[in-house]
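Letters A, B, C and D mark the chains as written, and numbering starts fresh at 1 in each.
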Amino acid sequence: MQSPQRLRGIFTPNIVPLDAKGEIDEVELRRYTSWLIERGVHGLYPNGSTGEFTRFTPEERRRIVAIMCDEAAGRVPILAGAAEANVRETLAACAYYHELGVRAVAIVSPFYYKLSPASVYAYFHEIGRNSPIDVTLYNIPMFASPIDVPTIQRLSEECERIVAIKDSSGDIPNMIRMIQAVRPNRPDFSFLTGWDAALMPMLVVGCDGGTNATSGIVPEITRKLYDLTIAGRLDEAREVQYGLVKLFDAMLYSADFPEGFRAALSLRGFRPGVGRQPLSSDQTVELAHVRDTLQCLLADAGFTDEPVGGCPPRRAGVDAGAVDQIVQGVLAELKRRGMA
Amino acid sequence: MQSPQRLRGIFTPNIVPLDAKGEIDEVELRRYTSWLIERGVHGLYPNGSTGEFTRFTPEERRRIVAIMCDEAAGRVPILAGAAEANVRETLAACAYYHELGVRAVAIVSPFYYKLSPASVYAYFHEIGRNSPIDVTLYNIPMFASPIDVPTIQRLSEECERIVAIKDSSGDIPNMIRMIQAVRPNRPDFSFLTGWDAALMPMLVVGCDGGTNATSGIVPEITRKLYDLTIAGRLDEAREVQYGLVKLFDAMLYSADFPEGFRAALSLRGFRPGVGRQPLSSDQTVELAHVRDTLQCLLADAGFTDEPVGGCPPRRAGVDAGAVDQIVQGVLAELKRRGMA
Amino acid sequence: MQSPQRLRGIFTPNIVPLDAKGEIDEVELRRYTSWLIERGVHGLYPNGSTGEFTRFTPEERRRIVAIMCDEAAGRVPILAGAAEANVRETLAACAYYHELGVRAVAIVSPFYYKLSPASVYAYFHEIGRNSPIDVTLYNIPMFASPIDVPTIQRLSEECERIVAIKDSSGDIPNMIRMIQAVRPNRPDFSFLTGWDAALMPMLVVGCDGGTNATSGIVPEITRKLYDLTIAGRLDEAREVQYGLVKLFDAMLYSADFPEGFRAALSLRGFRPGVGRQPLSSDQTVELAHVRDTLQCLLADAGFTDEPVGGCPPRRAGVDAGAVDQIVQGVLAELKRRGMA
Amino acid sequence: MQSPQRLRGIFTPNIVPLDAKGEIDEVELRRYTSWLIERGVHGLYPNGSTGEFTRFTPEERRRIVAIMCDEAAGRVPILAGAAEANVRETLAACAYYHELGVRAVAIVSPFYYKLSPASVYAYFHEIGRNSPIDVTLYNIPMFASPIDVPTIQRLSEECERIVAIKDSSGDIPNMIRMIQAVRPNRPDFSFLTGWDAALMPMLVVGCDGGTNATSGIVPEITRKLYDLTIAGRLDEAREVQYGLVKLFDAMLYSADFPEGFRAALSLRGFRPGVGRQPLSSDQTVELAHVRDTLQCLLADAGFTDEPVGGCPPRRAGVDAGAVDQIVQGVLAELKRRGMA
């Protein structure tokens, strides 16, 4: 077999903008898709956890990918989340996405039920053996049945179609174990991290890239972090990673996922609309505060204005240095690459 | 408001038989439905976790309930699992089940994402305010976002349509806390346990019944346990509960849920078919052993013959006494009630 | 072997009063010991988790038991916590407590390190084979390595000296499994629950008693709950259990264990002193509020006056009924038994 | 304040050799201490988790440190584990270790009870305010109450005596959060990781060193990993880290901690003796197999001979490359440094 190119770089798991009726806002989704591509992400990843795949119908999931494929028009590869109710439905989705021309599908481990490694293996083996398109395993143990190292190794050896794993655990020693178990026999196999707060050290230990929710909000920063790390400019990368942890934490822990990311997206000039998971009135109030906090962080990074009323003075020494360096670094890099 | 009758008794969460093509086996599902009713369960609970609701399409979920409603023909009330991808889809399912004439729907707490109590509240509040039919909350913290006591209390006070909670945690102190928080203001609110291994003590502390997977396999025993406990015949009930723990554990922990129950169902004369979650070849071999173990337990209880090759001698004192008493007790009770 | 009496009833795990210098307050400890005995607890359990055994030196642990033995003077049996740094030290403590005349020792499973079942077995086997005195296993999985059912069964079969298990998990199905596994071969083996919120259902499924921290604060209520349940007066017992859950929760969850119990003890007329685990100033302020809440609950139950400033009006229906019944029930029972 | 030198480098948490009677083997402990120093570890860390501090008496803990201080004779700094039963006892130990001339003490967060952040704060604040010697916080959330980021920040600001944290979680994003919160105001504060499988990426994100159990077995490798990483030779460092993960996992997960490390120590020519936690006969047999596996890994790395009977052929590609490179790298480095 001629070894194809490994999946590499930053694949953005995108929020799906909704209109006033709660339907997919195609115009905004297209605008967002192109905006991401223009800001340098290496690929797109619809129907991920950030994309709230579980809250759409099977038909809607297909439509999201179709719109984004059409808009991307081959400018970047697309990794399409394809998990459906069971293997048969999932394979049907794989066939559909294959026809659309996506680069690969990503399939989350079975969720709701907590399955044993043997069942997780059997599930992916069945898919891997029958998919018409390359498959990325999606390991997110906080939400779905974990895919352990022996299972990954066995699947990588038995199923040529399985070409990558996207791991959202943030567990670096486990990433090392996965790479050790798979890479010798499958040099084409790619390892992607979904945990933005560990992106730089993940790349340092051998990961090929990430599917990072922050890249949907500040693609400039996530992309820069990737570039600096790959270039071995570790001191600069470390500073950017520190700033990204702050942004990531603020979006992730401030509200039920992915509401913080939705709020931040609105600060970048998009209309993400109201999510499908209802919010209590208390939550709506809180989210306004979260939005202000995020606006201050994004204003710090030069991406938006401060909110009305301004931002609290930053603790001397704690934030200022790191974030300033990010801003300068990002701006310099953007200038260098002709993007600013 | 005139307080309607509380939901009471044993509601059976049923396995859905599949045919050789993996499709719903309507004939077998009808036969199973009637068999359960004839063996004395108080109600039926399609589209529960035992019913693998996540592994069917939205259309299939509707069809399962439609078949069972038609077959039950009003002989027992039906509690239909109605959770769909989002609130709108769920409410549409509620409307459909309402037209079918089910007694109430059961809606599992949002899963995949781990939601905060505020989000869980907002989700059920939206449903409770708009459902055309009575709603049972479904709390299963090992699989879905937990519904905590303040959330239950608030929902019970604000949404008349929410009439019950089905709790599968098996946590008895927490059940006491729920009852304490809700019953004073909502005497019509029902508390059902989904944890068979705690059915008797749950009833003793104030539960109204259960949605118990064992009742889909040995409805005679689960029903008997309910009757003995309600009648205050605690010494007999304790013996039956001990036996049920053994059966429950054997079906629950021997294989990934609900494979053990599927295997046991085949021992009661049904053809449940092969489940939709694939099994590895190792798992298939193991499941044959599990089936033998279950057959021995069911043979002990008088429900089937011993497997070819016989059963291992039971450890003196450990099993014999308890199980024999169950058999005798069950047979005596069945005779008394004209069922054997 | 002639089967001795099983350990039965309520064994109180006591707080150790400290004086102004942080030393054991012998006078108060003696007064407290006698007060508990006079209020009807069946036994005493020094050096338990409530007794903060880890915060005393080995010498202090011995002194606590010596004082209480001397004060009890044989009026009730004593179960002495005897866990020390390793097996040798633990066996030396067992020998010392044996000479003091305690009924049995209780030994918590190894903690800090999370040990496998094999290591837990080896640890208790070594102790069980060499202890000069009866041993109670102490299973508290939230704090120490769990003792699983096969381990309990094996130890009960191999070590005659091991005569009981105290389980603080509150997991009733697991208690059933333990009893099923052990009782047939060891009818003298006793099962005690340390989880007050499940005392009544634990007794209903076959437990012999409890080591309950509430019995150190409201021995009248815990004892009454035991008596009503054993007598089969379930409706009354249920009401008392509901009230006890409220008290237990208030003391357990209001502050880091066992500070809530220490605060409550001061409301019963003792001077428990300041604990050895330091409190922040915020915590000290909070604890004052906790004390008021507890005082209201204890005042409700007739054990103390309301705090200065009074208690908040109870929510109609929620608390009043249940707690009033407790008060009446407890008072009536106390009168009947000549204690009030 | 004149900022003293941060703690930096690899501090070895050592196993304590025991003699045939189970007593501290002073001769072997001295020989081991000097051996570690000669192999290049930057410091020693007695009474850590690897050192089984909980299984010794207070007197024995003091003696271990005294012997090692005497043997080290100032060649490397010593970080002495000083946690005792309560604050008073701990401060007495601090005073004793101070007199011995150790560089600092390390104090594990309170264990057994799971304390809130407020209590953890209060505990360390009391110690930090009263210790005569520099204090390292020891965070090991799998065994003890977690020390969260706000607590670390507050303690670092209020207590000059608290100069470092040793974190054994292996959670790199959390390490970033800790450094972000503390370093701006306390440039002298040191961050050490106790999780060997993440040592290289931890150093890359800003850690100052580690307290790594592998350095007690293969000090040559752990030290080399530190040196390569600090020198920015990431490709070489990555290979060494991969090999260290394999060794670490083999020692950590093969038996209850720290038995795998004890077994490995015997392969380096020491007599660690039999641990104080008893082993079942099954465990003793298993440990012999573990010893063979470890011997093969250590033989691969050039530190010992293969076991009698030889080692299994390594899976092509999986182990050979990585481990060979380690061997070569370590040997080359050792030669360069005059150690081989």
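Remarks
Everything that follows uses one rule, which is that contacts are C-beta pairs under 8 Å (C-beta built on N, C-alpha and C of every residue); 3 or more make two chains touch, one makes a residue touch a chain.
The structure presented is a predicted model; accordingly, all values stated were derived computationally and were not measured.
Chain centres here are Cα means. That of subunit A falls 36 Å from that of subunit D.
Work out the mean CA point of subunit B and of subunit D, and you get 50 Å between them. Across the assembly, subunit C contributes no residue that touches 2 or more other chains. The touch graph of the protein chains shown is a ring with every node of degree two. This structure has the following touching chain pairs: A-B, A-D, B-C, C-D. Listed in rising order, the residues of subunit C touching subunit B in the complex are 170-173, 176-177, 179-181, 184-185, 195, 197-198, 200-202, 204-206, 232, 234, 238, 241-242, 245-246, 249, 315-318, 321-322.
Within the complex formed with subunit B, the residues of subunit A that make contact are 22, 49, 54-58, 85-89, 110-116, 118-119, 121-123, 125-126, 142-144, 256-257, 276-280, 282-283.
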